[in-house]
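First up is the structure itself, then whatever we jot down about it.
All chains are identified by letter, namely A, B, C, D, E and F, in their written order; residue positions are counted from 1 within each chain.
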């Protein structure tokens, strides 16, 4: 069967600051500028989750996108929507919430929860209309075994 | 000369919570739900500012939109971008930062700073891609004197 | 209190054909062209619902947009999403589902279900990215009594 | 019958400069900045044309939007798309092509060519994603006679 | 010459249902939910077609995108726009019109009709603003011979 | 550290014509059609610049996107915004400004100016909402040495 990629987009709104606890506020401001404002700021994040696999000849789906929406909702959105990414999310504890770090953490939340025979291919996280980060998994993840 | 409306759109990212200081956290949560999370959340706000007036026969402009961008930047964006709308903005002190209250406060920041002969006609503030609030000024503001 | 307009956008996907039962298929095709294909076609509709009223000094809302989303969901979206607009919607029976006729029918479904003191101000229904229809209610509806 | 507004959006790409022939290049640059570059610049313009009228009980249309697309195509787009707005368009001769002046000139090209019983209600011309101008016709045009 | 990818986007509106003729309506509903509504539903599809090849030193094009638009129009859009994807399209006969199956069928319609030296690199079909499927051709298609 | 891709989008408006100086105007028109209009036309260009590298464990960035914005602004946007791409840009001299040729020239302006350890991965240049070209660098550029 042909191998295709299917994408589901979801949205969440959250507060954060770019911040390292082992740095002074001064150092944080020097490196991160306004993004390190101690009183927080926030974004509407758009998250595009792409899975890859052969088309199931039974259903014509790679993976039912309603199921994918459910996985992303349960494993990611419910934890981050209307939340503070620095202080309220278990699986982000100790992580400086840059878009780069967020996209890797989100990958780890989703990669193991897909339908059999389907692999996570790409995640794109848009912080604003002009800034985004894309992750295709750890090196070697693209090799089919 | 024909009377037209010109719109300039700007963007800012900010943290907030819906919250009344004279209510308990329980009451705030009951009324505002997740939007009252004490640890904040945030948004990418899109702000469309519309001015109205006759076309200046000299320039062909209602008002140079670079000037309008400057007014909105100096009077609004510099104060709210990468800021906490509940705690860091002088002109929002004591205001529960619903989109409705924000759009009225922003109106008051801009209305008096336009070019002569030009009036502020409409402000639209988009909190998310699906929610927005529009304000056309206090009753009577549409009457030309 | 200032009077503002708040908008909530929702989406639905539906099949339809432009068609009058009292006309022959030939006449329908002559007037409506491809839009009258007897085997149907369909659209992703975007619906923007705008309410107007004074800002509630208690909440800072015109009307809680989650409530508005609920009203539009219960009175409109649940009936039309993934449905055939010509044959499956009680409140569209006998109506040729042009965007014009749809927007008036949707108005009548929503106008009586808003919070006290709030009036329905405008509905915009986008049939495609390039075609939309806007309705502000029956003549006289803009007069405050 | 209910009165509604129907909008058709079209697109064109054109070159222009903001420029008055009775001013020196220095004066033009002083007032218009980069927009007066003598070597031209250009834009992808988005044009939203809105007509208003009662819904025709025969067709369920205010005006067939394919006809409206045809009118806008024949009267506007064919003349301006891939053209120089300062030098190549008869009906813009002697007009400084600000968005304000363009929208008024486009109004005059379309207003007399609509279906009987339909009036031109609003034109919005977007010069960029952040700048647009809206025109609702000459004073008094909103009065039905 | 450098090798680049050029993309042309087109749009069509169609009706469909997810449905296998060898399954009962009950089974279809169990697997496909509302998407299997026997009375059809529909979508505005956005189709992005990407070709790859060296830049032609004569023209500076990979392939004239007007030609590509023509190929996609003649081989795909004319057959599916304002049509029923289950019953009216020869080259979809017997195919359950999931986005996955559609994108593969569209690939086969286009891949052999490109300019010499140009290969079809990727097709993305957007069923809604939140769901899309991407296909890069059968395994091995990326190998230049 | 995980390797990710970060994208910054910028915008510029410019005039151009598709044109070879060694061809007659007739030949230029025959091949390029309206795009070769000797009086120019123009576009709002959207440019997406994507860099790739390991996440810096110090900052959580691949490359500070404010720095990337600065590089693209200094090396590209300042030279092309509100300019004529055929006659006013040093680094486009003698180049027929098709989107394909522009994206390769822009690549060469940026590739050598990134932060250490970061490589330019992809540039997408959108000429209109429906036409774009993507470049991932000269052959071999994807090989890490």
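The rule is simple: contacts are C-beta pairs under 8 Å (C-beta built on N, C-alpha and C of every residue); 3 or more make two chains touch, one makes a residue touch a chain.
Just so we're clear, the structure is a prediction, and the values are computed from it rather than from any experiment.
Trainee: Using the contact definition stated above, find the chains touching both subunit C and subunit D.
Mentor: Expected: B.
Trainee: From the centre of subunit B, which chain's CA centre is farthest?
Mentor: E
Trainee: Could you work out how far subunit E has to rotate to sit on subunit F, using CA atoms and steps of 5 degrees?
Mentor: Subunit E sits rotated relative to subunit F by 120 degrees.
Trainee: Compare the two sides of the subunit A and subunit E interface and say whether they are made mostly of the same residue numbers, over half shared, or of different ones.
Mentor: different
Trainee: Measuring between Cα centroids, what's the chain most distant from subunit C?
Mentor: Taking each chain's C-alpha mean as its centre, the farthest from subunit C is F.
Trainee: Per the centroid of Cα atoms for each chain, what is the distance between subunit D and subunit F, given in Å?
Mentor: 31
Trainee: On a C-alpha centroid basis, what's the spacing between subunit B and subunit E, in Å?
Mentor: 42
Trainee: Counting only Cα atoms for the centres, state how far subunit B is from subunit C in Å.
Mentor: Their C-alpha centroids are separated by 28 Å.
Trainee: Please list all residues of subunit F that touch 2 or more other chains.
Mentor: Within subunit F, the residues that touch at least two other chains are 129.
Trainee: For this entry, which pairs of chains touch?
Mentor: A-B, A-E, A-F, B-C, B-D, C-D, C-E, D-F, E-F
Trainee: Which subunit B residues qualify as touching subunit C in the complex?
Mentor: Contact set of subunit B toward subunit C: 18, 31-33, 95-101, 103-104, 129-135, 138-139.
Trainee: With touch defined as at the start, can you tell me which subunit F residues reach subunit D in the complex?
Mentor: Touch residues, subunit F against subunit D: 11, 13-16, 34-35, 37, 39-44, 81-84, 87-88, 128-129.
Trainee: Can you name the residues of subunit F that touch subunit A in the complex?
Mentor: Result: residues 2-10, 50, 55, 59-62, 65-66 of subunit F touch subunit A.
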